[in-house]
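Given below, in the form of structure tokens, are the structures.
Across the two complexes that follow, subunit A remains constant while its partner is subunit B and subsequently subunit C.
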Partner chain A sequence: MNNSVAYDLSVLIQKQKQGERLFKIAALAAVIISLGTLAALVADVFIDGLPRLDWKFISSFPSRKPQEAGILAALAGSFYAIILTALVAVPIGVGAAIYLEEYAQKNWFSRFIELNVANLAGVPSIIYGLLGLDLFVRAMGLGRSLLAGSLTLALLVLPIIIITAREAIRTVPLSIRDAAYALGATRWQMIKDHVLPLSLPGILTGVILSVSRAIGETAPLITMGALTYVAFVPTGPLSPFTVLPIQIFNWVSRPQKGFHACAAAGIVILLLVTLFLNAAAIFLRNHYQKKFSARSL
Partner chain B sequence: MLFISNGVNMIMDPTKNVKIESALPNTKVVDKSKVTKENFILNVQNLSAWYGTTQVLNEINFDIRSHQVTAIIGPSGCGKSTLIRCFNRMNDFILNFRTSGSILFEGQDLYDPNVDPVEIRVKIGMVFQKQNPFPKSIYDNITYGPRILGIKDCNTLNAIVEESLEKAALWEEVKNKLKTNALSLSGGQQQRLCIARTLAVEPEVLLLDEPCSALDPIATAKIEELIQRLKNNYTIVIVTHNMQQAARVSDHTAYLLLGSLIEYGETKTIFTTPTKKETEDYITGRMG
Partner chain C sequence: MFDSNKKKIRVRKEFLVKFCLFFCGAVSIFTTLGIVAVLLFETISFFKEVPILNFLTDTQWTPLFVNKHFGISPLFTATILTAAIAMLVAIPLGLLTAIFLSEYASQGVRRILKPILEVLAGVPTIVYGYFALFFVTPLLQKLIPGLHGFNSLSPGIVMGIMILPLILSLSEDAMYAVPQSLRDAAFALGSSRLQVALKVVVPAAFSGITASFILAVSRAVGETMLMAIAAGQMPNLTLNPLVPIETMTTYIVQISLGDTPYGTLEYQTIFAVGMVLFLFTFVLNIVGGKLRGKFRELYV
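Coming up: the complex of A and B.
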């Protein structure tokens, strides 16, 4: 092939190939470094924590002696806190998403709300703790109780639920809505019978992801007054409580090495719970996607 | 007269007519004897429409005869879909849409503030360009309309399903798989399912917005044949960009261009001796 321009095509291609190889290596290195660090940390925790993890550990209360300390109070506290948080945040979040997506007029005000919800999702969690302290603990008189903690966490995860629920609702195609309206459905009938079932996978995923986030939150709960040494299972919504991350934090700050092993075991449990919740999210989402699969929409 | 079925077995005598009008609580029972071939069921009077500041329909005036097929033809963007969506108030969902003028349906203005658009959509049904069955079973697709109107009785619903599928010429093909997902049907079958679904609420008018544009010729032929059968019991308004289809299927044709009604008359006349030059240009392919 005749080239009037002074360059050698094969040399250029060689250079391009080298560049591609370098980029590939750099990308692979990034993956190895990040996953490797994570794997190393997890391995370290498991090595320290797994030996300490046994049924006695799970079923005992914390104590002054590291050999007798257990995680029961924190586990129970986290469990009840998550359930209460979900009970409050999910209906409000999904309801808000339905209103904002289906009923609200698209004007500057709804755009303003949308912007603010997105902002709230990024607010540092300790701010929610301060809000919870003033609003739930003091103003509403709930005290440093499980209920106040759950409400604080609910406020924390509400923006996430609203955003993911809105995204899920938006994926329902216009053709389905048109079909429902054309048959004489009212707006609520259309939402109840078509939009909600079809957006269920997305909403569920959002709910479980926000729950996994809430379960690891420490700062807001410490701020609103969750205790760090609790030797009982919460007796009711108004009882004092503690949660897994706080218990771990408490053990890590003690000087005795035995407590560090307890902390590691606590971290193992927390990781396993988070992993389980995420796996449940993926499983449920895949299940409902298959159930409502649109093969030719 | 309530239909009495012979139990769970779905093989019923299709000649037995289920009085759906009395089963649907919200719809007025229309005395069909009053609506004869000479009657106009829809009167469009000076209808104009705007999306925001853009005018899309300009002083449209024509009447749609009942129990006949009226075709609306015209080049892309002339306002055909907008016009047909005015008939069942589907344009209400579009922001900044407004109309002036009126559309009388059996004497009452559809855009009167006292009119409930939800009720209108039961009486004036619509089938869309791209088939849109719900991602549910065939049975659930057809029973959705009756169920939201309040019909709960299983036997009535079964009868409605069979009758609607018979009317849409789909019963024989799906009678043994009513509980399978509607999306497993072919495109043409899905569109007939959408027609059956619309018929299940016993509308008086069927609006078909380019129903065959996403289908192959054989499926198209089946639907055109179906339209000829349906016009005995329903008024049909069909929007199509296919002139040959309009000529085959309709009794009257309206030609729209850039939002204005250029000509409206019997299909035979429009396609052989049109009075306006623009119509002739479009029909002969010189334009559009």
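Coming up: the complex of A and C.
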């Protein structure tokens, strides 16, 4: 009797250990599959694209011959589009975050804005393209210009900036606000002299993330009508334009193999930029978290 | 006298600042209103030409042919099919990794592995499109001889990898937030680590985990470039993952690339399709957000 209980227990323990082992193997396999895919993706793109990537590629305009095609127009377009996007989205996004965190009373209206921002963050990017097409391109008469594209992108990244800036502002300790008030500061003085400088690294993280997102966005710009073949650098905000991912898309959809190498070379540049930005954001976030946890002690 | 003047300026300045900041906050509301207004306006014009019943029940989508049909079902089915393939990949991988990171991994492993996996979310979707078309599809063609160059299987699998960080990060957060006392109680009753994970932590974090699935589906449904590049542009009403299809997002891209004049029926179709896409993701986001909020109320 006693013996059989001990036997049952040992079988049970044996079974549990087997389950543990199986799970660990499965989990390891899952991690390896995910990381392996990432590695394969990076390797595939670099093997295809690196031989094509040289100074001539970066400094030439697109061409009908794959070996002469370059990415200059798209690089310049992306660069200007990002600057314009940030100029519009950062002040509005940070302003909205300050309003929600520091001014808004906890009533139905601020809850409505909050819910609204959360929902906007989940709207597919291509829908923003439809908005841009009807609102900026048609109704406001901006045409298929750099400015119309940048405004579309600005609306797209606004939720990211608002959400991250709010989180950053929220981490500023209450004691600092109280101290500023105690010395007679007005609300805005307290915000601009204390809250904003202290939450700057966090806000910057959000800005970097949104820039990285905007650089990689293709669908909304295609939808609002950015051109796919542009052989000039944008001359002003109302100039037609193309961007890096659209140029890549254009090369991918051509049948000639030579253009696929161009696409891969373009992707190498795009990947390097976005991965660098993401790494910078993660570094900033970690560094910032450490600093603040030390402060709040 | 001088002091009260200064005070007046200060009060006025404070008011002005508050007004500007309020305006910034209102921009997000204008954006939503703008989206709804634009979609509604063009969709209503579209439904004046095409009866809504045809739109919902017709099984063909051929707005560019002479014999025009406006049935959304091929595009809708294609969207669901690719999202389903993606979820079949992302749910097991994401959940296994999440349980592992939350219940098994040491702090060090967790701190290193999580950001690396989150890199997957930072890769632009056009890169995934290239990868699906020129790497995964040829690879799959060696295993499945009948596989078409454009199909829903390859971009579906790649999309699964793409949305994995979303599931991983949200469901891992949910599991990590389950109170230690629940685990301790189960351990004290002689449970193994796996039993604690599967029978205590996962059920306790269930609403958070479900929320991560729903938000991932929403993301998959709205994904555009990956599908436009690798899944084809053929509105096929099929559940066969081996043949070319066209998702709702791809259709919008296809029309936008052409030169469709403003005000024509073709122009309005992309808004009608966009409306379906918007409503669908909107419902998913609301449900996902609610579930996430419910979970937070419970534990966080």
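In the analysis below, the second predicted complex is superposed on the first by the 252 of 297 C-alpha atoms of A that agree within 3 Å, B and C clash if a C-alpha of one lies under 4 Å from a C-alpha of the other, contacts with A are read in each partner's own complex, and residues count from 1 in each chain.
Assume contacts are C-beta pairs under 8 Å (C-beta built on N, C-alpha and C of every residue); 3 or more make two chains touch, one makes a residue touch a chain.
None of these values were measured; they are calculated from a predicted model.
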(request) Could you say whether A:54 touches subunit B, subunit C, both of them, or neither, answering first, second, both or neither? (result) neither
(message) So in the superposed three-chain picture, is A:106 touching just subunit B, just subunit C, both, or none of them (first/second/both/neither)?
(response) first
(message) Is A:176 touching anything from subunit B or subunit C once the two structures are fitted on A? First, second, both or neither.
(response) first
(message) Quick check on the superposed pair: does A:186 touch subunit B, subunit C, both, or neither? Answer first, second, both or neither.
(response) both
(message) Tell me which touches more residues of subunit A here: subunit C or subunit B.
(response) C
(message) So in the superposed three-chain picture, is A:228 touching just subunit B, just subunit C, both, or none of them (first/second/both/neither)?
(response) second
(request) Scan A:198 for contacts with subunit B and subunit C and give back first, second, both or neither. (result) first
(message) After overlaying the two complexes on chain A, where does the subunit B footprint on subunit A coincide with the subunit C footprint?
(response) 186
(message) Quick check on the complex: what are the subunit A residues that touch subunit B?
(response) 106, 173, 175-176, 178-186, 189, 193-194, 198, 292-297
(message) Per the contact definition, I'd like the list of subunit B residues that touch subunit A in the complex.
(response) 88, 90, 93, 95, 118-119, 121-122, 125-128, 130, 132-135, 144-145, 148-149, 181, 183-184, 187, 190, 194, 197-198, 201
(request) Under the touch definition given earlier, write down the residues of subunit C that touch subunit A in their complex. (result) 10, 13-14, 17-18, 20-29, 31-32, 34-35, 38-39, 41-42, 92-93, 96-97, 99-100, 104, 113, 115-120, 122-131, 133-135, 158, 161, 164, 192-195, 197, 215, 218-219, 221-225, 228-229, 249, 252-253, 256-257, 262, 270-271, 274, 277-278, 281-282, 284-286, 288-289
(message) Quick check: in the complex, which residue numbers of subunit A touch subunit C?
(response) 16-17, 19-20, 23-24, 26-31, 33-35, 37-38, 40-41, 44-45, 48, 91-96, 98-100, 103-104, 112-113, 115-120, 122-131, 133-135, 138, 155, 158-159, 162, 186-188, 212, 215-219, 222-225, 228, 245, 248-249, 252-253, 260, 263-264, 267, 270-271, 274-275, 278, 282
